[in-house]
Amino acid sequence: YVWFAEVGAEVTTIWANFQGADPNAELVEINVRPAVFYPEKNHLDYITVRGFELTQAATPWTPPTADQPGLIGPNWAKGWIIEDNDISHAKCSGISLGKEAATGDNFAIIRGDKPGYQYQLESVFTARVYGWDKDHIGSHIIRRNVIHDCGQNGIVGHLGCVFSRIEDNHIYEIAQKHEFYGYEIGGIKLHGAIDVQIIHNRIHDTTLGIWLDWQNQGVRVARNLFYKNIRDIFLEVSHGPITVDHNIFTSPQSIDLWSQGNAFVNNLVTGAVRSAQVLDRATPYHLAHSTEVAGYAFHYAGDDRFIGNLFLGEERGDDYAMGNAKFVDMYGAIKYGTAGYEGYPGTWDEYKSLVGGYSGVGDHKRYHFQKQAVYIDNNAYAGIAAPFEKENGAVVSSAAASAVLVEDGDAVYLETSLPAEVVDGIHAVVTGADLGRVRIVDAAYENPDGSPVVADTDLLGAAKTAGTTYPAGPLAALPAGESRIRVW
Amino acid sequence: YVWFAEVGAEVTTIWANFQGADPNAELVEINVRPAVFYPEKNHLDYITVRGFELTQAATPWTPPTADQPGLIGPNWAKGWIIEDNDISHAKCSGISLGKEAATGDNFAIIRGDKPGYQYQLESVFTARVYGWDKDHIGSHIIRRNVIHDCGQNGIVGHLGCVFSRIEDNHIYEIAQKHEFYGYEIGGIKLHGAIDVQIIHNRIHDTTLGIWLDWQNQGVRVARNLFYKNIRDIFLEVSHGPITVDHNIFTSPQSIDLWSQGNAFVNNLVTGAVRSAQVLDRATPYHLAHSTEVAGYAFHYAGDDRFIGNLFLGEERGDDYAMGNAKFVDMYGAIKYGTAGYEGYPGTWDEYKSLVGGYSGVGDHKRYHFQKQAVYIDNNAYAGIAAPFEKENGAVVSSAAASAVLVEDGDAVYLETSLPAEVVDGIHAVVTGADLGRVRIVDAAYENPDGSPVVADTDLLGAAKTAGTTYPAGPLAALPAGESRIRVW
Amino acid sequence: YVWFAEVGAEVTTIWANFQGADPNAELVEINVRPAVFYPEKNHLDYITVRGFELTQAATPWTPPTADQPGLIGPNWAKGWIIEDNDISHAKCSGISLGKEAATGDNFAIIRGDKPGYQYQLESVFTARVYGWDKDHIGSHIIRRNVIHDCGQNGIVGHLGCVFSRIEDNHIYEIAQKHEFYGYEIGGIKLHGAIDVQIIHNRIHDTTLGIWLDWQNQGVRVARNLFYKNIRDIFLEVSHGPITVDHNIFTSPQSIDLWSQGNAFVNNLVTGAVRSAQVLDRATPYHLAHSTEVAGYAFHYAGDDRFIGNLFLGEERGDDYAMGNAKFVDMYGAIKYGTAGYEGYPGTWDEYKSLVGGYSGVGDHKRYHFQKQAVYIDNNAYAGIAAPFEKENGAVVSSAAASAVLVEDGDAVYLETSLPAEVVDGIHAVVTGADLGRVRIVDAAYENPDGSPVVADTDLLGAAKTAGTTYPAGPLAALPAGESRIRVW
Amino acid sequence: YVWFAEVGAEVTTIWANFQGADPNAELVEINVRPAVFYPEKNHLDYITVRGFELTQAATPWTPPTADQPGLIGPNWAKGWIIEDNDISHAKCSGISLGKEAATGDNFAIIRGDKPGYQYQLESVFTARVYGWDKDHIGSHIIRRNVIHDCGQNGIVGHLGCVFSRIEDNHIYEIAQKHEFYGYEIGGIKLHGAIDVQIIHNRIHDTTLGIWLDWQNQGVRVARNLFYKNIRDIFLEVSHGPITVDHNIFTSPQSIDLWSQGNAFVNNLVTGAVRSAQVLDRATPYHLAHSTEVAGYAFHYAGDDRFIGNLFLGEERGDDYAMGNAKFVDMYGAIKYGTAGYEGYPGTWDEYKSLVGGYSGVGDHKRYHFQKQAVYIDNNAYAGIAAPFEKENGAVVSSAAASAVLVEDGDAVYLETSLPAEVVDGIHAVVTGADLGRVRIVDAAYENPDGSPVVADTDLLGAAKTAGTTYPAGPLAALPAGESRIRVW
């Protein structure tokens, strides 16, 4: 079912393989509209789009270094609400919360002088000049939409997504035709997602569920379901704080971290986990709850938190097809549970003594190659998932265990088979006070209004009570043995 | 002549070696004043200090990551004129154009969590919030002062020095007691010297003549004399454009470049030259003629220009004592002339084909380890100084050659012995059009008002004429054979 | 008990009237310290001062056009908490949340070229350059302090007070010695009080209880007690929105409005009320919940809201001593109730038709002299208090009525004698939706986090229920006839 | 020759009066293109348009409160050069250097809640957020164009015109069809013309030659010819400094000043001059050579300078048709010479004593109604032109005198008949030092690079020498008696 086009001065000829169908007899639609609902002008604020079917637009590729038009989106504005829509069949991106052209439009390709990385970081500073702040950009609400069959992204957005809330959406069949290759593909692909809250979405059948790239700061990813993706969540070149809690990750590569300052709390994880250093790119960080740049830094790896997660690793064999050996070597071991953190310091004091121990080496060099401390406590492990060597309070079961997400009509069920020891109470409700401050940004785990994060709502919406000890994983109560629980 | 002090609750006891003198009979001065003329408040603008002897202050250490008080200075203000003064005997820094405390005050040491490098880059962003722009900070004039016998710097200044002019000063005996060790020591030590013009100063008997560190952009260093320093000029972790023209560099390590985007035009250089990569620190760059941050980048080395310089290298043996072999290895070969650029691309096209040749390697990685092109044309070399392998128009003499600066009373003479071929006309007046644009910043070689640099004033102040071909080196006319010319 | 001082080159001689006491026998304290706890440097953030007695400082006069040091305060910083202290005997101001010197320090007096008004408005723009934003300044908490016996202000603060919360303080005996004359005197005197919340304070025995001057935007004044002041609340040259609810105002001049965009909800008011135009000063307004300037405007008077207030005016005779007849004429009639709004339009449509009716007069002139609409509904009036001529739902009683605040030890009682008709239910809980948007700023009545104001907590802290009709005044339930209710 | 159109759902019918011509036989062009060369996107910088005929565009009305597209223009960008073009027949504006839509697009009309004045001042602050600074907007060069037959403006531009140079243009037949009525019509109509240089243009046959409205700061208007306009130059609601030198003004209303801080040097003026207060509008002022807002102020009138001008007033009778008596009364007397300043203080000290003399009136009120001092020295007067009552060094001739500009082919001649006493030397070259600082802005008369203005180039381009005394008027040498001098 492939096609191509020959563009002449006057006539464009399209050659297509119709596979036996007669295009003159059948309905043939050739889509050239660049968007369904996307303003030509910037700064048209506070528009609500509710209850439409929005489909079929020939939207262009939306990398973070270009104009990023989607099938629908605010185009660099503030306060849109996009809710209760069915959004589908964008050639590239369905909903765009992205940036506009003046902050960079494929300069790396056009000029060939500097990498896209360089132009992307320049765009952050240019955006500040063109109004990128809480008063003028972002704070959108994207909720209760069904977003599917898009070639690149369900939701995309560099810079323009700040302070937004993405909630109760169902996102699937994203980039599954594999029309495009490379970066910038995912169910939700955001850059510069400052204070973005991604809550209770169902994301499946994508190449990558949620990809948060650059400047994840003040972000919350909570109560989402991930299944049948290649990777579930990829947090890239950021410094945190980001809180990921009460999610279910079941795809082969569940969690991929090329960033620091990440907190995972009360998740269920059945796929692989990786943490990697990125020392050849520095990315910006910001004043808390602000777009104002406070600095930029490398990604030394670590400075992560894991509390109350349930890891049920199982070997996937050829299922895990994302990279060859070299790729894996380059970016760190892929393991199950938190075992991949082997060799990282386990406390702040251990980190400081390691850094201070490079006698005769000055200033930044002492810090440059030293991975940061990780704070990993009170997680439960079964199957081939294994704990971090210095973890306190780990519960490790040798008994068989499994957890899968199964669709049944519109519903989704969590089917588990769990040994009793991993469903015992293991930790109280986790709050900002448990998570401390991330090293580089020197910021605490907070809600957008500056109050401490409190991870007290379970996957199903049940409130957890302060002072009570809860089991590992995303449910306030999790049965031992076999169980089937509706989770959507 | 050392001393130390014991500080008790009520009494401070000072122990000193008076070497036979009787402190009760002689005059003993114990200096505790932190400055001679330095406001307590910021933003006291447009003050002129003219014609004083200003001496003896117990000023503290002034790194770029702390409050930087000097014996005299504006303390974060605009438009001061400090002229015709004799400034001496600052414990640390004589004139300070530096920053104040709110943008960072030894946080790396006090907190021990991040390197000074990280706090220094954060200070750039914080300074922007506290008024660091052309409207409010810098634009000072420092001229016709004699600055001597200071423990750390003759002139120091991070951020506060922007848009300033440093002219006709005589700076000597800086840090020669070696009371302090480490970074931040020099005749002139500036950070963030945007659009600073350092013109016609005489700098000798220092550990380092001029050290411009971080964010040298739009800078001019012209018509200065350097002698009897360990290093003459050190340009560190910057992206240019900086124009260094019509200077005489005669100390063992004449030119040290851990930065990119540097242009050397019509200088006389008798010591060693080095170019080094710095890939473990990224530093900011700015919009042209503005403090506004445009981005930040690594230092890939190269992107330098050399036109019309006269290199007269001579082996110094043990004279060059600054580093051990390891240090040299780490930061690139120290050679004479431009031979140290061996292996760098010689044109923009060569650079682009090298970068493009990393097939299968994405985006920034292709650029990361590739040194940048250098543009080296029409220089003259004698002695052991050798040209860049791809230089066009190099004149290389095998005849004996020498050049030294000799003091005679208040005057300074340049005594040369030069073969005829190196004093022939080699290039016309160099202008911005010859120098192009630096790669990372994408900025041209310009004067502070945005007009192109024109290097048409020789060391002695003689105007060069457009269209005429001049010899290499800092004088419009340079005699072959033996000569003695008064240069101060 | 007066004194004066003769300051010589070496000696200062103080002449004082000791009235029979022997200063050589008694304890005499001469106070020269400028503050008790006030940093010398700006930007020292997040300091908590709890539980001290802080007293006796010779603090200087603190107008909005100067450096504003107080007995205690953050001196241009963020996030201080000052709580549970006893603060007294500041020569001028007790707690200062004010600005520093670089944004203006008595320039009008020193230079004599422009009025203080002009320098004050310039200071707003200069402050923006020096970091006046939510990220860097303000957000202080001042609570549960007793503040008394200060010569100028209990709490003062221009610009530095933004986003602060002033709660549960007891403020009294402020400026009662009448040592100073003129502007800038009050229990709480703030300028630029963006998003400041002044909740549940007890303020008495001052010349002016709360004086909010310039740029009151996003402000809340709720559940405060005012008695034995000359004026209780003065809102000057601001554009709102400001919500004043559930307070008791009992001093002779209860409410003085030289501003627009004010909402009064559920207050008890026994003194006079005035609304005045100010057309010879324009003051800035801001983006909602931000220090960023959005514009500036004159004060046309009106654009005010009054819902559910209980007015019990009584003639005071000579008690009301604040101004002479001329003063009154100049700034509008002082009346009881809302009768002083006579002649103002009563609806938006009426306003628009009046403005549009100036045929042949262009643009701004049509708006310049036209008072704005007022939205006055469902208030109750007794005594000499009378309603606005166009009020809907006014309840007016001819029966005798009174309300006074009476101290009894540490407690305060509200003693009332009220006819039955003014205590009947008159309106449901007032929310932002009832109050609309103010005209000039185009902003809604909101809490600091952007949610709509909901005036559902009564003076005593009782929650009011949505959908229920409540009586006028600050209590959820108010007895008819005689009553005595403890209110502190 | 009028027409109108009926727009239906599918068909637009145009009714036109062809006056005997047959539209089906003749060439009829119906122009619907909104521009000839005007980018759809903002921030496309550094484009040069040279040597074209650019004509016929149906451009819309371009007030300062709307999107301002012209026949050609940069549409909110930096560094364009528009030179050597023939630009004509724009329905409204020929060249636009104006603002874009996001900073306001006819909100006053659409919303009907606030005057255009209010939205215009808001647009200044919004523009700052969207990049309105020297680094990003303006600095255009408009030179050697012929601009004619446009309905509204030859050159228009609010905000986007900053730091631009308008030189050697010939502008005529602007708004002469009188298709539109009201504000915003002129040969050159700029708002916010910070540091704009308008040099050596020939402007005639317009309703208003140059209208600089709001925020004229750092502006220079030099060596221009004005004739056959209704008004030549109108400087409205600005605070200066603006230098107007070596121009010839010959239209009935030569100079109209509803602003302050204006300097007139070496002009020849034959029409009327007026100075008016504007106290019902405040407009912004800026840091020198910056778009950063420093404050805003009323227009008290005065603070003007007149040195070395030659006034040759002659009564025009009915020629001067611009206003009725009421209009004149409202905005001040229209007189010839500088006599209209009657009653203004003549020195700074006189002003200060007047302001200080309002005893008992506080702060701003003392300044509010007091006109400012004017500095009027060494001008020459003939005909009915009369000097300011307190002028020093005025030369007043009772002899007949005249000066007219006469076109002769492409050339323009100045034909004069002058008595000897008005052509004698009267003053040396005027510099910034003669002009002082304007009161409100506290800024000096400077060139865009911050150097003092030196009015040393005469109308014909001849250099004047420091130390020489020159006659009044725009020529370095001016013959007595009859003369005819080519001036274009």
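Labels A, B, C and D are assigned to the chains in the order they are written; within every chain, residues are numbered from 1.
In this text, a residue touches a chain if its C-beta (ideal position, glycine included) is under 8 Å from a C-beta of that chain, and two chains touch if they have at least 3 such contacts.
What you see is a predicted model; the values in this text were computed from it and never measured.
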item: Partner chains that subunit A and subunit D have in common; value: B, C
item: Euclidean distance of C-alpha centroids - subunit A vs subunit B, Å; value: 45
item: CA centroid of subunit B to CA centroid of subunit D, Å; value: 47
item: Length of the line joining the C-alpha centres of subunit B and subunit C, rounded to whole Å; value: 56
item: Subunit D, residues touching no fewer than two other chains; value: 129, 135, 292
item: Contact graph of the chains (line, ring, star, complete, other); value: complete
item: Residue ranges of subunit C touching subunit A (in the complex, touch as defined); value: 134-135, 287, 290, 292, 449
item: Touching residues on subunit A, where the partner in the complex is subunit D; value: 40-43, 101-102, 129-131, 133, 135-136
item: Complex interface listing, subunit A residues touching subunit B; value: 108, 112-118, 121-122, 125-126, 129, 183, 279-282, 292-297, 352, 356, 362-368, 439-440, 442
